[in-house]
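You will see two complexes here that share subunit A, one where it goes with subunit B and one where it goes with subunit C.
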Partner chain A sequence: MRGLAARLGGRFLDIADVVGELALFTAAVARAGVRLRGDGRETWRTLHAVGVRSLPIIVVTAWFAGAIAVLQVGEYVVKYRAYEVMGWGFGYSVFREVGPLLVGLMFSGRVGAHNTAELGTMTVTEQVDALRVLAIDPIEYLVMPRLVAMTVMMTLLNVVGDVFALIGGMVTADVLIGVDPYVFWNSFIEYVKLEDFLNGLAKAFSFGVAVGLVSCGFGLSVRGGAPGVGRAVNACVVASAVGIFVLDYFITHLLR
Partner chain B sequence: MIRLCGVTKRFEGATVLDDVSLTVPTGATLGLVGQGGAGKSLVLKLVCGLLRPDAGQVFVDDDEVSALDETALMPVRDRIGMIFQNYALFDYLTVGENIAFPLRQRRAASADEITARVTKRLAQVHLPGIEDRLPAELSGGMKKRVCLARATIHDPPILLCDDPTAGLDPVTTNRIFALLKAMQVERAATAVIVSHDVPSLLPLCDRLAVLDRGRRVFEGTCAEAEASADPLVRAFLHPEVTP
Partner chain C sequence: MIRFIDVHKAFGPKRVLDGVSIDVARGEVLFIIGKSGAGKSVLVKHLLGLLAPDAGQILFEGQDVAGFSERDFFPLRKRCTMVLQHSTLFDSMTLLENVALPLRKHQGLSHAASLEAARSKLQLVHMERYADRRPADIGDGLRKRVAIARALTMEPEYVVFDEPTTGLDPISARHVDRLIRRLADETSVTSIVVSHDLASIFGVADRVVMLYQGRVLLDGPPQAFRDSADPVVRQFVNGLPDGPMDI
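Take a look at the complex of A and B:
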């Protein structure tokens, strides 16, 4: 019994340690953000790496997410002949929930994990120490550009994802269920509100901030060489996913 | 001037540096030698403020490095160039960008001037025309010379070298030490050079310090080191006669 309590206590302390470290890191990033410090050249490089290279995977994911959403509801749409609400149902769920959530998870898996691996490798190979010795603040040079790029690109990729999910859904509805694209589009335009779109955008923005902070925080706190980098990447993917769902819940609750 | 006063550093209960005091006068070069794990690299990291001592003080000129936070350390680090044991070149930047990095970040010169200085410094380290190559495409000896170029491009008055010839063949080792010697003659920087290769190191140094399991066992001029009866000092100075 004491052994179990000790293990649980140890685990709790480990988690508290990680959360505390992330909180301190977030405070340091906030201070750099207030001072508007960051490296423009590094920001452009990261914007390209984060955004342009993520585009194909986001387009494919969004297209199929749209198609799947239509397939799931298609049976009931046909059964109840509710063709004129299909565009609305689809747009509402994709804009508010499916789009930002799927793009966020893909983004954390691809960009967040890559970012942690990159910063972790820089840490264990003393490149971060080299920056500090050159009198360059790693938060300003490495973290701020990545955080800005990940937040901006996550938000923009969400918009791209919404568009391709819509196209994927419309094509699938036409080809497999026989819903005229004109009917689908009319229903979408008629019932989906701007706030549905903005709701998703707010989520995407906050997911971008969360993935950026978590991936940079885990990357810069790597210890223990290559195995440490692996552990940090794993921890980053898990923490980002948990963070995305928790944020999703609170934002949904706040913006009801 | 660099001064360590009674510095102690522990990691997870193990004492890695134990009450170590060292002095490097302005413009002098200190050779720091010792067996693996003696705490030599740690001394360099304490000097540039990458780590803080658990006890004692570290001074760079009049600044107490061990008492400064990261922001206050920046002006001190502006005066330091460091060569890392494992290169620490930025692997996503080309050689030219690596060397130009300290100047670009400081906005210390125009783009044309930076390019000219990089070209000149690469020629000085006998690596002309490799500006566009990536660090991954270089040999160990070339990486060390690029490190040397990056560490000195902004002409820092203090140079810290962490085993600049580790793992290199004798020819490349001699070349690196010759470069360090030439740069020291030209720039008269205050320097601390960590190395296992004491015969090659001695001609560069004004002073020598020997660490053993975290304790300083010798500090003095090279002549005093030659005259020392300490078996460890003699073992480093004359490895060929040590049983």
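Take a look at the complex of A and C:
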């Protein structure tokens, strides 16, 4: 019994340690943000690395997500001959939920994990300490550019994802279910509101901030060489995914 | 002047520094020596805020840095920098970009101007022909030289070298020694060198401090180190596997 209590207590302390470290890290980032500290050159480099290189995987994912969404509802659309609401239903779900959620998860898996691995490797090889002894603040030089780039690019990639999901859905609806693209488009234009799009955009923005903070925080707190980097990447992917779902719930609740 | 006063540091149950006191005078080349794990690197990392002491004072020109925050250390690090043990060049950059980074960040130079200035810094360590290579493409000795050039871009008054010749061939090691000596003689830069390279110690040191069991065992000129009758010092100088020194 005492052993179980000790294990539970130890686990709780580990979690409190991680949460506390992330909270302190977030406060340090917020201070740098308030002072508008960063590095323009590093920000541009990261924008390219994060955005341009993520584009193909986001396009493919969004296209197929759109196609799958259409396939899932296609049977009922045909059964109830609800062709004229298909564009609306599809646009509403993609803009508000499927788009930001899928792009966010892909983004955390690709960009967040890569970021944690890169910063973690820099930490264990003392490259972060090398920055510090050169009087360069790692928060300003490494974290702020990544956070800005990940937030901006997550938001923009969500827009790209929306567009390609829409195209994928429309093509699939036409080819496999026989919904005329003109009918699909009309239904979409008529019923989907700007606020549906902005709702998804707000989610994408907050997911970008969350993935940026979590991936940088875990990367800079790596201990224990290569196994530590592996553990940090794993923890980053899990924490980002959980964070995305929790944020999604609260934003959905707030913006109902 | 730098003063370490009764510095203590432990990692868990292991006491690494157990009351170390050392004074470092302006312009001298001080070697801190001792066997691996003696706490040499740990001690100097306290000076730059990479570690915080459990107890004791570290005075940098009269100011106790032991209670400094991370932000407080940044002005100090422009005057007192460090070449870390494994060179720690940024592997996503070329050698030229590595050296240009502190120039761009601290001297307000444009990217192009910082690269131009960095090229001349690389010439000082005879590395200009490798400027566009990446750290992974060159050997340890060359990386060390670039790391030194990068540290010197800020024209510091104090430089801490953590094992600058470890892992280098004898010729590269003597190049590094000569550079450290030149810095002291020509520009009055104070150097604190963590080392166990006897050729370096007897070649360039003004003073030697030996750490043993978390304390200062010997503090004096290289000759005093060579002539010491202390059995632990004798074992270290002669590189004997058997003796009183605990391994």
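Quick note on the criterion: the second predicted complex is superposed on the first by the 256 of 256 C-alpha atoms of A that agree within 3 Å, B and C clash if a C-alpha of one lies under 4 Å from a C-alpha of the other, contacts with A are read in each partner's own complex, and residues count from 1 in each chain.
In this section, a residue touches a chain if its C-beta (ideal position, glycine included) is under 8 Å from a C-beta of that chain, and two chains touch if they have at least 3 such contacts.
Values in this document were obtained by computation on a predicted structure and should not be read as measured data.
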Quick check on the superposition: with subunit A as the shared anchor, is it clash or fit for subunit B versus subunit C? clash
Go through the superposed model and pick first if A:Ala241 touches only subunit B, second if only subunit C, both, or neither. neither
With both complexes superposed on chain A, which partner does A:Leu55 reach: first (subunit B), second (subunit C), both or neither? neither
Quick one: classify A:Asp137 as touching subunit B (first), subunit C (second), both or neither. both
Looking at the overlay, does A:Gln127 come into contact with subunit B only (first), subunit C only (second), both, or neither? both
Quick check on the superposed pair: does A:Val183 touch subunit B, subunit C, both, or neither? Answer first, second, both or neither. neither
Would you please give the residues of subunit A that touch subunit B in one complex and also touch subunit C in the other complex? 39, 122, 125-127, 129-130, 132-137, 141
What residues of subunit A sit close enough to touch subunit C in their complex? 39, 41, 122, 125-127, 129-137, 141
Could you please specify the touching residues of subunit A with respect to subunit B in the complex? 39, 122, 125-127, 129-130, 132-137, 141
Please give the residue numbers of subunit C that touch subunit A in the complex, ascending. 48-50, 70-71, 73-75, 77-78, 81-82, 84-86, 88-91, 101-102, 104-106, 111, 147, 150-151, 154
List the residues on subunit B that touch subunit A in their complex, please. 45, 48-50, 70, 73-75, 77-78, 80-82, 84, 86-91, 101-102, 105-106
